[in-house]
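Shared chain: subunit A. Partners: subunit B in the first complex, subunit C in the second.
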Partner chain A sequence: MLVMQQLTKKFRTDDVETHALRDFNLNVNEGDFIAVTGPSGSGKTTFLTIAGLLEDFDSGSYQLDGESVQGLNDKALSRLRNEKIGFIFQSFNLIADLNLFDNVDLPLRYRGFNAAERKRRIEQSLELVGLQHRLKHLPTQLSGGQQQRVAIARALAGEPRFLLADEPTGNLDSQMAQSVMALLEQINQRGTTIVMVTHDSELAKRASRNLVIRDGRASEQVVNQRAVSQFASA
Partner chain B sequence: MIAIGPTFRALLRNKVGALLLALQIALTMTVVVNAIHVISSRGDLMSRPSGLDEANQFYLTSTGYASNFNEALVVAEDLRQLRALPAVAGAIQTNATPLGSSGWSTGLSLSMDEQASGVGAAVYFVDETGLDTLGVKLIAGRNFRANEIGEREKNAIDWPSQIIVTEATAAGLFPDLSPAQVVGKSVYISSTSQTTIIGVIDRLQAPWNGWSGVERSMLIPQRTLFGSSRYFIRAQPGQLNQAMRAVQDHLDQHPQGRLIRNVRTMDETRARSYRDDQALQGVLWVTMTALVIITALGIIGMVSFNVNRRRKQIGTRRALGASRNDIIGYFMLENLLTTVVGLVLGSVSSILLNIWLVDTFNLPRIGWLYLPVAMLLLIVVGLLAVYGPARKAAAISPALATRQ
Partner chain C sequence: MFSYYLRQSLISLKRNPILSLLMVMAIALGIAAAMTTITVNYLMSADPIPSKSDRLFYVQLDSWSADEPFLEPNQPPDQLTWRDATELMRAAKAERQSAMATSMMVIEPDVAQQKPFSASVRLAYSDFFPMFNVPFQYGQGWHSDADQSRQLVVVLSHDMNERLFGGENSVGQSLRMGGRLFQIVGVMQPWQPRPRFFDVTTGAFADMNDVYVPFLLKEALTLPNGGNNNCWKPLPDATFQAYLNSECISNQFWVELSDQQAVADYQRFLDNYVTEQKKLGRFPRPLNNHLSDVMSWMEKQQVVSDDAQIMMYMALMFLLVCLLNTVALLLAKFLGKTPEIALRRALGANRRQLMQQHVLETACIGIAGGVLGLVLTWLGLLGVERLYQGNLKDLTQLDLPLLGMGMLLALVAAILAGLYPTWRACAIAPAGQLKTQ
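Coming up: the complex of A and B.
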């Protein structure tokens, strides 16, 4: 459902041309939980932003849910991003001036749902992350782990088929990280495909597939089957 | 996507900046509404017709200096010859001109009692060609006849037995009578001389544009012998310049012991008369424009600041599905809400300021249309001001912005 073939992305300055991704191939299947690892500067984030339609690429092809994204205009890309992709960021990226309800409401408004439908989805997704009783709270009134849960609720409210997570536990202590990871696994078990960039090898082991990016190229590692089955049944 | 609720709630959480901007908009609206009102009021005053055929008229002052200067003969001869010039349609001797800032006025009343109520009116001395030369329209009664034109010495206190008045003068004296009914009525000039109104003209303004009785004038059938008099000349339509040249050339060639000076068209006179009003209009326009520009710059500054402060938020919104137009719309809406608050405050303060101006300077009340027009103007200015920074916000790379 997410297919990248021979994808290339270069960044240019006046003097230097850097290959962020080169001949990048990836095939993500429905229900996958892919952990993407690699050293700093290897191209992980570039991959994630291209996968999330936040950045274009120079050559190659990218099909999302059977639809080529190449040549789509801003409106079409925004619609695709809104309907099919949910984002989770390392630093949560909640909007500080909006309460939890309005934060989760944002992608639903962009989708054009009516007020009743939005309310239903907001309450449902906040209930999923255990924060349904804090609708009117501001993000600053929550702990880091709770904020990331809200971000997950926001990502899930539109019922996207993909969740793209960029170091979702990077700003959390280990206990909160475990909690958030368990939540992501739960979401994956409900059928949502997840691609997660992480530096944490322990968390990566809990994914069904491990992708390592080095020098802009992807290679797949053998998955720790025992860990997968252990956490898949949790 | 229009999200008034969340945008307004978010604004309330950052109210200082938004409130300051709203107050600036309110102040601008207050000044704009009242400035436009004053400009418009002055414009109405300035556009009042004087009753003359101004585009084709000019005048000059003739002052005798020679010891043997015979004013009666010279004036009569001058007028006879000037009227014969091809470019001249009419020429009279008079004492003043509408909008000329100097002239005579006296009181008209219905009895000799000095305490009797009456009206003040400007005085113009004319002969039987006065109506045509001035270009005024007789709406009731008749014109003076040639044999009714007398002479007036400088120190004379008597007044002739017949006068023509403007419709406003007639209405001031006889509020319940039509112009036709006023003809034949006796009135008193300066509470001393009884005279009869033989005609009513539609309009002839007094020399003083700021006078509350500016529309009240009367024509006196007399030639003046004051040593200095004004020749008022009406050119043939479209031949003002030719007439002015011809008149001046003729008078220069026939000096007859008098000095010609202050040759001035009625257009110049009007411009001089309303110079202060025009200056005030200019100052108000500049002030108003400067204030609107400052407000627009304030909005640009505020939105630019918000765009820089919210780069990450913009990236996040884009990641959540906002298109570039959604980002532009978001900043537009936010500014619109701030502007609306400012306009509501501005409407109240505009009315309060107008009440004060009405009470203090006796200005007319603002028309209801001023408020919506000023609101629309400031909304448009606000949206134009916010568009540039909002477009920059929409162009921010979401990939970079989300990682900040």
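Coming up: the complex of A and C.
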């Protein structure tokens, strides 16, 4: 589903060149729940933004759902991102002056669904995260855990095949973190592939695969029997 | 998506109300300054008689002194002598022609409650009315016979008929003017061409005359001059007849010529006339006779003053400064929105969609700035009118095309001001923004 081969990404300043990813290989299968861990600056977020088509890479190849993303223009990349990928961020990234309905509506607007279809999807995804009764509330009227649930509902509303989560529990207390993690597991069990960057080793253990990134290279630790990837480290 | 973008734009504007207000004010002030001066210039330079402005010609004959031109560089006088005006009328070489002059007469109303008052008089020939498309409410202009026979007939302006007869049809009634009874033959509809092209010598934006009588009554009734009078040669004596026969200029002369051939023929006629007059010892200067159509005559007479044009250019520069301020404010606003833009990119918006949304947001600012700007323009025009103490009355009115132009100017200005900030904000790398949240 998501195949990266020999992927390289460098950041350059005036006199310093930093390898964020080097010879990065990964094969994500349908239904995987991959936890990505690693020390700060190891390239986790860079991997996630490249996987989410928000950043370009220097060399190597990347196929998303069988389609090479190399050379695609902005419109095509945006369409792919909209249809196939859902994002969850550490700081929720809800728009403060839009109510929950309008926040969840965001990706659907760019998808071109009609009003009835958008309403159905918004209500369905907010129901999934248990917030269907707070459609007209503003994000500031919710707790952190509830805000992250709204962000998850927004990511799910377009029914993407991949969910990319960057420290989704990083801003939550442990109880809320457990609750959000349980929700992600539930979503994964319904068939959505999840790639989650986290610093929390306990949460990482609950994923089917554990990917560790160090110095821009990936290595995998099999943590339970659900791991099915054909991982090949460079 | 238009309604969605519009709703998002309004939400965005409400998010920073002070910043939004500053941008709207910047555009409004620029538009107000520009539109105030554009309005005055536009109305000053408007074609006052578009249906035939290219067929009406003002006549100038260089009857001035041999020692110096009437105006540098070598400009002929802007009026004719009585002798030349009446001679050209007698020749009647044009399709229509009218000599004109102005005077004052005392009107003695029949109504006891009204006291006698002084009225401005335009002396003209019967062709004046059809030549200048004068609209009539009652009756019509006098017949051409009345010109030569110097009949005591009068056409009233709409306002004068209101004043004397309460707006009733007064045609056929008598009016005592200057101690004589005139028969009213026509009453004009409200008529106020701007500029008052047929006589700019007493002010292109001055009020219209109260009454209109046959030109030759000036001689018959020894009516005084009401407008400008310039002489370069001393009068032999102080009699009225000596004045009429002098080289003093106080009369305007217009002809209607249907095509270029007619213009060329009339020019030839004028040159021949002056050549003949030279044999009588008049017209000491070289041949310098001009025929100017309406718009050329307005230009020659500098109806749109240099001051007004300079003010307009300065106001446009001020608009530019306001727009540069708006660019800076928009840049601050849109760069502050980059996290939201990055989020929308992550959720599937392409750059073009985000550009459209932000262009619409700047258009909303432009429309709000335009509306406020037009209100300020209206106040500015009131100020201009007060400043000139009514001399620019009717030049300080916004008509529908000007309102449309103001809104369009505001809209285009705002969108242009928003292009760079929009491009900068939408060109951000979303990954960088999302990382820094």
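Observations
Quick note on the criterion: the second predicted complex is superposed on the first by the 223 of 234 C-alpha atoms of A that agree within 3 Å, B and C clash if a C-alpha of one lies under 4 Å from a C-alpha of the other, contacts with A are read in each partner's own complex, and residues count from 1 in each chain.
By our rule, a residue touches a chain if its C-beta (ideal position, glycine included) is under 8 Å from a C-beta of that chain, and two chains touch if they have at least 3 such contacts.
Computed from a prediction, not measured in an experiment: that's the story for all the values here.
On the superposed subunit A, the two partners subunit B and subunit C do not both fit; they clash.
Using the contact criterion defined above for the overlaid structures, shared-chain residue A:F89 touches subunit B and also reaches subunit C. When the two complexes are overlaid on their common chain A, residue A:F47 makes contact with neither subunit B nor subunit C. Applying the stated contact rule after C-alpha superposition, one finds that A:F24 touches neither subunit B nor subunit C.
Of the two partner chains placed by the overlay, only subunit B lies in contact with A:N99; subunit C stays clear of it.
Once the two complexes are overlaid on the shared chain, A:F162 sits clear of subunit B and of subunit C alike. For the contact definition in use here, the residues of subunit A common to its subunit B contact set and its subunit C contact set are 45, 49, 52, 54-55, 74-75, 78-79, 81-83, 87, 89, 93, 95, 97-98, 106-107, 109-111, 154, 158.
Within the complex formed with subunit A, the subunit C residues making contact are 1, 4, 11, 14-15, 339-340, 343-353, 429-431, 434-435, 437. Interface of subunit A with subunit B (complex): residues 45, 49, 52, 54-55, 74-75, 78-79, 81-83, 87, 89, 93, 95, 97-99, 102, 105-107, 109-112, 138, 154, 158.
Looking at the complex, you find that subunit B touches subunit A at residues 1, 3, 5-6, 9-10, 13-14, 312-313, 315-326, 397-399, 402-403. Note for the complex: subunit A touches subunit C at residues 45-46, 49, 52, 54-55, 74-75, 77-79, 81-83, 87, 89-91, 93, 95, 97-98, 106-107, 109-111, 154, 158, 166.
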